[in-house]
Each structure stands twice: as C-alpha cells, then as structure tokens.
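Same chain, two partners: chain A is paired with chain B first, then with chain C.
== the complex of A and B ==
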C-alpha cells in the first residue's frame, strides 16, 4: 500500500491538481480548448525535458539547455535576417545544438569534469555567444519569415460533429513526435539500454564492454539537439529571437525529470514519467494564471510542490 | 594477567560467518602478532575492537574487569588505538592539524586557534617518538607514506582526557613502507613497548613477525587455532597453522587434458601496477594467479582486459595481437571478465536480472538500427539462467534482491553468454556460499573442457590448487614464478608468497 502510494503519489498529486482547478474554474479549465492551449504552452518545455531525460538516465544533467535554446533561436533569426532560406536557418540552429551538446559531452566524458561544473561553464559560454551574435538585441519583425513564425500559429483542424472546429497546434504535434522518438530510443534500442546501464553502475557497464565515453557524448549531443529544437519552437511562437528567451527552460526541464523520477520504483528517469512532470508544471502554470494568482506566488507554489514530491519519495527510500 | 582478553567472539554478516567463538588475549607490554589467511577473520576482530562493528557475541575483559565495546568512543576510552592499512589522513591540512584532528585545538582569546601552541603540542608528540625530521607545519600530503605512519602514531600519543593509549593495533603497517621506514617503525614499536603499551601487529610478512613479535595468534576460518610464543615456534609451523585444513575433495574433476595450442600468450607485460609478467595459457587450461593481498593478481587481469594500459610487452590471443586496448574490444574478441567486487564493478543492482545478463550482448539481440527484440532478450537470458542454475523469482527480478551466490551466477551468466575463448576470473567465488561455489567450479570446468583458456585469481589457496593446472605467483607487483599444482599443498603454496 505504502509502496503503491510512493510509486503513484505523484500521479495522484497530478490528478488532485487537475481536480482542484476543475472545481475552481468550472467553466474554463476542463475544456478541449484549454487543454490544447496547455499542450501548446508546454510544448517547448516538453521537448527540452524529454531530451534532458537522455543525460539524466546516466545520472548526469545539463544546465546549459536554456542558453542553448536562446542561442539556437538567435542563430536561426540571424541567418533569416541575412536572407537565408528558412531551411538553412533551422539546419544551422540544430547543428549548433548538436555541436554544443557534443562539447558538453566532451567536457564531461573525455575531460572528466563534473556535469554541474562543465554545463555551468557552457551555460555562460552559450549565453555570451548568443548576446555577441545578436549584439544584445531582439531580432524581430520583417527579419523573421512568415513561414517560420506561421508554424507556431498553425495546426491541424479537426471537426467534431461537423461544426465545432478545433485546431491541434503544430507545436503540440511536434512535441508528441519528439516524445515518441525519445521513448523509442530509450526503451526499445540497445543504445537506450546501455544508457540505463551506465546510470545503474558506470564501472560495471565499462567493465562489461559498454563504450561508456562515446555513449555519454552521444547522449549530451541529443540533449543539446533537443534544446535547439525547443529554442526554434520558442522563436517561432513569439516570432522573434532574443538572447535570454530560453533561460527559464533549464530549471523547469530538470524539475520535470525529477518529478517524473519520483514515479519509478528505482528512482530512474523514464520519458513517459517526464511527460507527467511536464504536465504538472504546465497545468499549475495555466490554472494559477487563470485564477489570477500573482506570478511570484506561483513560483513559490511550484517550488514547494516539486520539493513535496521529491521529499515524499525519498522519505520512502530511507524507510526501506 | 592479560591486559585485554576477548573470548567467545562471534560475528556473521547476513549468514556468512566471519568469526566463530574466536578468542584473543594480549599481555601488557608485548608485541602480539595476529596472523591468518585472507578472510580468516582478522579484519573483523579489529573492527569489533575498534567499536566500528558490533559482535554478535563477545566477552571482553580489561585488567580482568568485564567491559563492553559498543562504539568507537568507548574503545578509545579503554585505551585502544588503531593504525590502519589505509591511513586516514587529511592531506591538505598540516601535520600538526592531522595530529590534533578530533581533539580540541588550543585557543587564544577563546575563539582563535593558537597555532603556536598547536604546533608545540604536535612537536612534543613527535619528539616522544624521537622523530625530529618532520616539520609540523607542512601539509600532510607532502610526507612520505612512512612519515605519514609516524604522524598517525604520534597522533595516538596525545590523548583526550584521562585515557592514555594502552594498546596499538597496527594493521599491515609496513605494507606501503620502504625498508628504512620499516626499521624506523620497529624502533618506535620497541619504544612504545618499553613504555608499557601493548601492540597487536597484523601482518602477512612472516620475517617481520618473527623479528619483532613476542607471541602470535593464528586465525583460520573465523576461529582461533593457536597462540604460541614465537621463541617456541617457527615459520613452517605458523604456516601450517594458518592453512591447516586438508584440501577437501570438493572440486569437480578435470574432464579433459589441456589442449595443445596456445590461446593466450603474454610476454614481459608491464602496466601501472605490475611488471615482468609473462606466461602462456593453452586451450582447456586453467591458470591461477596467487600472492599476498594486492601483490598484483587482479592487475594482471585488468591488463588482459584492456583496462590498465600495457606500457611494455605484448599480448596475443590465438596468435593475433590485441589491437584496441579497452574492455569493449576485449568482449568483442570473446574475452569475458568477472570482476572482483561484484556489487561495485559487476552488477547494476537496481536493474533486472535480464538487463544484467544481456548487457555485453545487446548487439546480437537487436534487429537492424539497434531495436531490441524482447523475445530474443528473454530467451537468451532464460537459457543462460538455466545453464548457471540461477535461483530467482524470474528474470525481471532486481539483482539486489538475490543472495550473493545467485548474484555471482548472474555475473557468470553474462560472462558465458557469447562462448568466451578466454575467461578472466577475479576471485570468482568471493562471498559465495558452498553450494553455489560448487556450481561455479562446474561452470568453469565445463567452459574449460569446451576449449576456453581460463585465468583466475583467488585468495582461497585450496581452491586454486583444486581448480588450476598451474599457478603464477606474484610478489609485490612482479611475477615470481609459475608452479605446477600436482601434489602441491596449501602450505607449500603459501610459503612461496613470502621471501
């Protein structure tokens, strides 16, 4: 019973949060429109958190994802403003993400710097690079092509009963695709299994012939890639790019994975559990905003809820 | 009358017996040696005396009065001081601070540390040992290992309150010392003895023990075998007491004679930890590697696995040199390895049995693009689990729930997964119960009869003699000799470890 509560406590908490808002916002919260809205609001965070799961599976983490997201937005916008086509800007931004991720992986895996220190350093570097490239200014307006910013406004129309038209945002669909891809890689391939092995016991994995260094680099590269996607989504959504717009993503992404980890018996990150973590953060944000709770109070509440979830699952661990 | 006497000491760790009704008595002002093979229970009794581990049962007296030792503070109040194999020093603090560590520092104005007084106290302690060459203000990290040892001894001379040191327990104190440093230590031991303190001296080095000790107590399999005056005994008797048991006929017989062709050929190997290692192993042959604790046995296996870089010499497996030096290449080359520390180096304890068994074999259990086949995974692990006679609650059970023997079988299942040509086994039966031991011996024999070459280390001498065709003796990181096991007794083998 206790172990059941421990395992599903976070899920129960999520349901309680949903019920709370449903009760307090009877007209607006539990509607298809609002949920589609939530799905769009959380899509950027979701992509970054899903790909953050790659490194957290190995017991590492990446603090640089937020500034990488900003840098990727700036990279694309800068190329757009020079007249390059959308595809080129997007490709350059994604390449930037992969390169930055490999650099993180190199620092952690080859040079052996602790992930905290290594990615704290690259956080500053990526952020500085974004400021330098953009000259500290926001790139917006005519510089951002309509095809790029239009993506975040578009969606797939669905008709219910012939009349009620809803639009599933492309951003939400993209986040779902990333979720599916990360799930496949982590849960269904030998690559993912080896990442979990590294997290389970680094030394044992190495002695059993797992190429621990290479895999660790690859995982960091994937996390960087995800951060770049998140940054592009953000830039598309606000039709502009500035060198600080991704900075909020890092703490929320790590928090989402931690929330998810409280749901697994062994305390391992699972990408579907990360989804629940992202939903908790997204629903809280959406509901509290609708209840016009002050944004500072919102932050206090979100922090307290994360701590409660993590504390309750680690209390259980001590008892065992 | 004895200073310290402990009797009926028993201790078991989750079923494995470490001490069984052992006893030990130490007279005032004597140097008392404690000897025994690895795993005989020496470390356990030291931990119990230090108050770090609680005995299941023990009757202790000091000066004839019954006492208890429930924690480290109580042990300290009884006057017991411990100088461990691995020195607990804080390398970036000064010698003086290390000496005074754990004691209240002298103060000025009630708040500031009185450095002058601190250094003077430390100086006085070193002077008592007649050690004048150590500066109390340098960082401890700068001292040689021998000087660090002297520093730790000096620290034990300064006692908090009114509990002077009465017994020094020294666990392999000379293991890391040079000859000259050891001589200095022996002088200090002599001075401590003159001052009326006793010393419990734990060492594998027979010659030292013969030279400086008054009496010796021998432990074997957790029991006290005998206590002798060293003037009434000799090296051979002590070795006999240590190994005493007959080689039990608990080893499955050799099935086939060893093959003709050489599978593994190592020439003049040198790594960070070993030197001058050269040997050949044929198909179907089992080579043992033996020596005192940390004489380089495990390091030879690490060189063959590609973990420790081979600095000189070379290794060939079926005539072709090993190309890449890393464990991944070794496994691909059909070399399988069982690590010494099962929990730290072998298993992902939180993960399922199937994940642990399949780890090095994921490639061949996958479809294209690395997608795993659950069915192949399941079948593969099931077959191996059956082969090693694993007793578990199913392949999805987490490994931490298994007994030590079954955990070791999981590691074996992993190693046997891809028909290894060369099996590297580091203490393959460590912490394994008798029944599982026999299963493991059988598995080694089977694989050997199928033509694999086996190289194994063990601190269990009868096991080495029972399982191996030849034994390579390591002494302090260098190969000493290779001997045939036919007609070899454990005492003969043990004698080879000592100079």
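== the complex of A and C ==
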C-alpha cells in the first residue's frame, strides 16, 4: 500500500493539479477544446522527451537535443528557401538528426566520453552549425511553403451529429504515433529490453553478450532522430526557423523524463511515465496562464513541483 | 509515514497554487482582461513598452496578465491559445506576427482583437503601434544636409537585409539625392556579427585613408547607432576630429547619448518613445474594447531628435 502510494505519488500529484485547475477554471479548463490545445502545445516537447527516454533508459542523457531541434528546422528551411520540395527538406532534416545522434553515440560509446561532456560538446557544435548555415538569421515568410506550415495548423475533423465538433491537431496525432513507436520498441522488443539491461548493470549486460556499444549508438541515433522530428514540428508551428528556437526543449525534456522516473518501481524511465511528466509541465503552463499567474511565479512553481516530485521519491529510496 | 509525506507534498503544492491564485485574483473584479504576450521581456525596449502599457492599463482598471515565454516563439502561440480559451477581452503581442500566425488565427476566430507593440503590421492584427522609421531617417538625413549647408561628401552606413533598417536607408538616399551638391562617397553595409561597431570602424578607417584631404568627407549618416560609434572612433583615432565631420546615428542608445553629450563629432540620433508606444497600445486596446475599429494598420508614436542641447533632458 505504501509503496503503491509512493509509486503513484506523481500520478496523484498530476491528478491533483488537474482537479485544482478544473475547480478554479470551471468553464474553460476541462473542455475538449482546451485538452486538444494542450495536446498540441506539448506535442513538440513530448516527441523530444519520448525519444530522450531511449538514452535515459541506459542511464545516459543527451544535452544536444535542443540544438539538434534548431538545426533540423534550419536544415529544412534552408532547402525550402532554395526551392527544394517539402519532402526533401524534411528528409534532410531527419537525416541530420540521425547522423548527429550517431555522432553522439560514437563519442559516448566508442570513444568513451561521458555523455554529459560529449553531448555538451555536440550541443555547441550543432548550435554553431545552425548559426553558420542560417547566417544567424530567422528564415520565414515566403521561404516556408504553405504545405509545411499548414501541417501544424491542420487536423483531422471529427463530426458529431453532422456538425463539426472537434479538430484533432496533426501535431498531437504525430506525437501519439511517436509515443506508440517508442513504447513498442522499448517495451515489446528485445532491443528495448537490452537497453534496460544496460541501464541496470552495464558490465553485467556486456558480459551476458549484449552488444552494448552498438546498442548505445543506436539509442543515441534514435534520440537524435526524435529531436529532429521535434524541431520540424516547432518550425512548422511558427512557420519559420531560427538557430536558437529549439534550445528550450532540452531541459524540459530531461525534466519530463525525471518526473516520469519518480513513478517507476526501480526508478528507471518508462515512456508512458514520461508522458505523464510532459503532461504535468504542459498542464501547468496552460492552467497557470489561464489563471493569469505571473510568468515568473509560474517558473518558480514549475521548478518547485519538479523538485518535490523527484525529492519525495528519492527520499524514499535513501531510507531503503 | 510515507503516505502522510506524499499527502503533505500534494497539500503543499495545492497551497502554493492557491496562494498564487489569490495573488492574481485579488486584483480583478469583472474588469476587462488583457493578456500581454512576448518572448522578449528580458530586452530593455520590451520592458519599457510593457511598463508603459501597464501604467495605462492600471488607470483604466484592466486586469493585465504579462506573459513572457523567455525567447520561445512557439510558446507564444500556446499562450495565445490559452488566452483565447480564457476569454480575455484583448491581447497585445510584441513578436513577429508572421511567426505566431497560428495563434493569431485562433484569436481572430474567437473575435478577440490583437494589438501589436512594435511587432510589424499584419492583417491578423487590429493595428500595430510603433515608431515611424521613415520619419526618423528623414529627420537625421535632413539634419546632416542642413549642417553641411547642402554641400559635401557623405558616407552612409546601411543594412538593407533587415527591413526595418532598409527603409531608413531608402529615405536618406532620397533626401541626399535631392541636394545636387551632396555626393555619396560610399554606401557601406558593415558586418554586424560583432555588434557592428568594430567592423564599421575598420570600414571607416579605410574610407578615411582613401580620402586623406581635410574636408574631403563632410558627414557620416548611419542607419543605426553602432556604425556611427565605429565611425566616430575611426575619425578620432585618425586625428581628424577637428575637421567638423558631422556624424548621426539612430535609436539613441546609451553609448550614443554619451557620445552626443560630449559635444564631439557624433552630433545627433533619434530616440524612440518606448513608454509612449506602450501607452499608445493601451489607448488602441481601449478603443477596441469600446467596439471601435481602427482604420490604420500601423499607428506611429512620435520620436525625438537627440542632440547635445537636449540629451541631458532624456532619461
């Protein structure tokens, strides 16, 4: 009972937050429209956080996802501005993500550089590359094709009783698809189970014949791929690309995974728990804005909530 | 034991949030609600706009919610959606409207007017309040032409890649072109990666070297302050500050005001009224709240020519 409560403390906290906003914003918070808004608002962070789970499962993390997201947006926008079709720009951006991810994996797993240092280095490199490619400018306006920016504004219409009831945003659908894919890979394949084995005990996994180096590289590549998807979603939403626009995603993504980790028995990241972490961050932003809470107080509250959640679960661990 | 701890945590969270609610809700009683959303609150200009807006809004008894997304433009779209959902009466933004069009469309659908504060004009905005770049450039260019008696060789520093600065250059071109005895020595586009001072200085040094005779350069017209400051350094370093070369900049940043205050070659710049832009934006919101439509897509707030005679009076 006690461990159950500890395990679900974060979830209970999330429900309490939702209930709190529901109570304080009776007309506007608990509506389908608002939840669709939230789902769209968190979609970019969600994709980056879901795929960040891959490396965090192994006890690693990736600081370069934010600048990779910026770089991916810049890559696509540059190709668009030179007249290449949308598909080519998107493909190049995704390729950039996978390549960058492999490079991270190479540094961490082959050269043996600590992930903190390796990805701090690539954070700076990717960011520099984004600045260099774009000349430090924001690419926007006519350079961004309508089909690309239209994606973030469109959605699947759901009709009820013949009238347009709701529009499910494409961004939210894409985030859900990524969630499903990450869940399948991590929870349902031997690849995923091996990643967890590496996170549990690197040496034991290696001695048991798990090809740790190769797997680690693959995991970093997947995280880079996800960062590139997140960056494209961001660029589509703002119909422009700027060499710094993704940088806020990195800390939030790591925070979301940490929030999620407080919910699992062994403290290992689970992608569905990461979803709860992302939702907590997104709902707080949405609800506190609606309640007109000062944005700086909002930041203090968000930070405090992350710390409380992580502290309450680690205090328990320390006792054990 | 642990249950009570978790419960305490939750209670603590809820308590903190109730406190935050209380703080924000105590102010408001069925007043008009206005959300001000910007990613740039950390920048001085934006702080002044917001300050001016808040002062005017308080007088009108509005409930204003200032939202800073700390540089995150996509979050501006999210906060626009939230503000619409919260059914605010009006929204004010300080960000490029093209980049947040997705959010502005949501506001338009909900019939909530959005006013821009120096954000660029856009059909999705009720209006945009800003300074008139054309007028500012005209004033400094005419100042130069008058000071040199409509006669002499002028160096221009421009930056045509950035639209708000490009329009300044166009106006200065037209004015200098209207004086038959004014000759443009060079139209320089400095490299701005280092902020614009260092490269402008290097460019000006080269121009001075190519024009060594006293009086061969009558004036430097710069589309913003940094190149003017660079040119000033070059002229002083070359020992030519006694030739009476007139330098003008634009924006009247603190460094430029300092230079103007010393009474040297850097003679004039233009000061924008940032607080006034905030005030004017509030006035526009007030008109919109009364149900008026604003015909002008851009509303201009007057700017001031800064010279050594009035630089001390500006704060």
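Basically, the second predicted complex is superposed on the first by the 318 of 320 C-alpha atoms of A that agree within 3 Å, B and C clash if a C-alpha of one lies under 4 Å from a C-alpha of the other, contacts with A are read in each partner's own complex, and residues count from 1 in each chain.
Basically, a contact is a pair of C-beta atoms (placed from the backbone, for glycine too) under 8 Å apart; a residue touches a chain by one contact, two chains touch by 3 or more.
Since this is a predicted model, take the numbers as computed values, not measurements.
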Review point. Here chain A is shared; do chain B and chain C fit on it together or clash?
Key: fit
Revision key, fill the gap. Winner on chain A touched-residue count between chain B and chain C: chain C
Exercise for review: Check the residue A:124 against both partner chains and state whether it touches chain B (first), chain C (second), both, or neither.
Suggested key: neither
Exercise for review: Using the superposed model, measure off the angle between the directions from the CA centre of chain A to chain B and to chain C, in steps of 10°.
Suggested key: 130
Exercise for review: For A:308, select first, second, both or neither according to whether it touches chain B, chain C, the two together, or no partner.
Suggested key: second
Check your understanding: So, does A:266 touch the first partner chain B, the second partner chain C, both, or neither?
Key -> first
Review point. Looking at the overlay, what does A:191 touch: chain B (first), chain C (second), both, or neither?
Key: first
Practice item. Look at A:206 in the shared chain and tell me whether it touches chain B only, chain C only, both, or neither; answer first, second, both or neither. Key: first
Point to revise | chain B versus chain C - smallest C-alpha distance in the overlay, whole Å | key: 22
Review point. What residues on chain A does chain C touch that chain B touches too?
Key: none
**Study point:** Touch list for chain C against partner chain A, complex
**Key:** 1-3, 5-6, 9-10, 12-14, 16-17, 20-21, 23-25, 28, 33, 35, 41, 63, 65-75, 77-79, 81-83, 85-87, 96, 98-102, 105, 161, 193
Point to revise | Complex contacts: residues of chain A adjacent to chain C | key: 1-2, 5-6, 9, 12-13, 16-17, 20, 24-25, 27-28, 31, 33-34, 37, 40-41, 44, 136-138, 140-141, 149, 152-153, 234, 237-240, 242, 244-245, 247-248, 285-286, 288-297, 301, 304-305, 308-309, 312, 315-316
Study note, to complete from the structure: Within their complex, chain B touches chain A through residues 305, 307, 326-328, 330-332, 337, 339, 344-351, 355, 358-360, 362-363, 365-366, 369-372, 398, 414
Exercise for review: Enumerate the contact residues on chain A facing chain B in the complex.
Suggested key: 184, 188-191, 193-194, 196-197, 200-201, 203-211, 266, 268
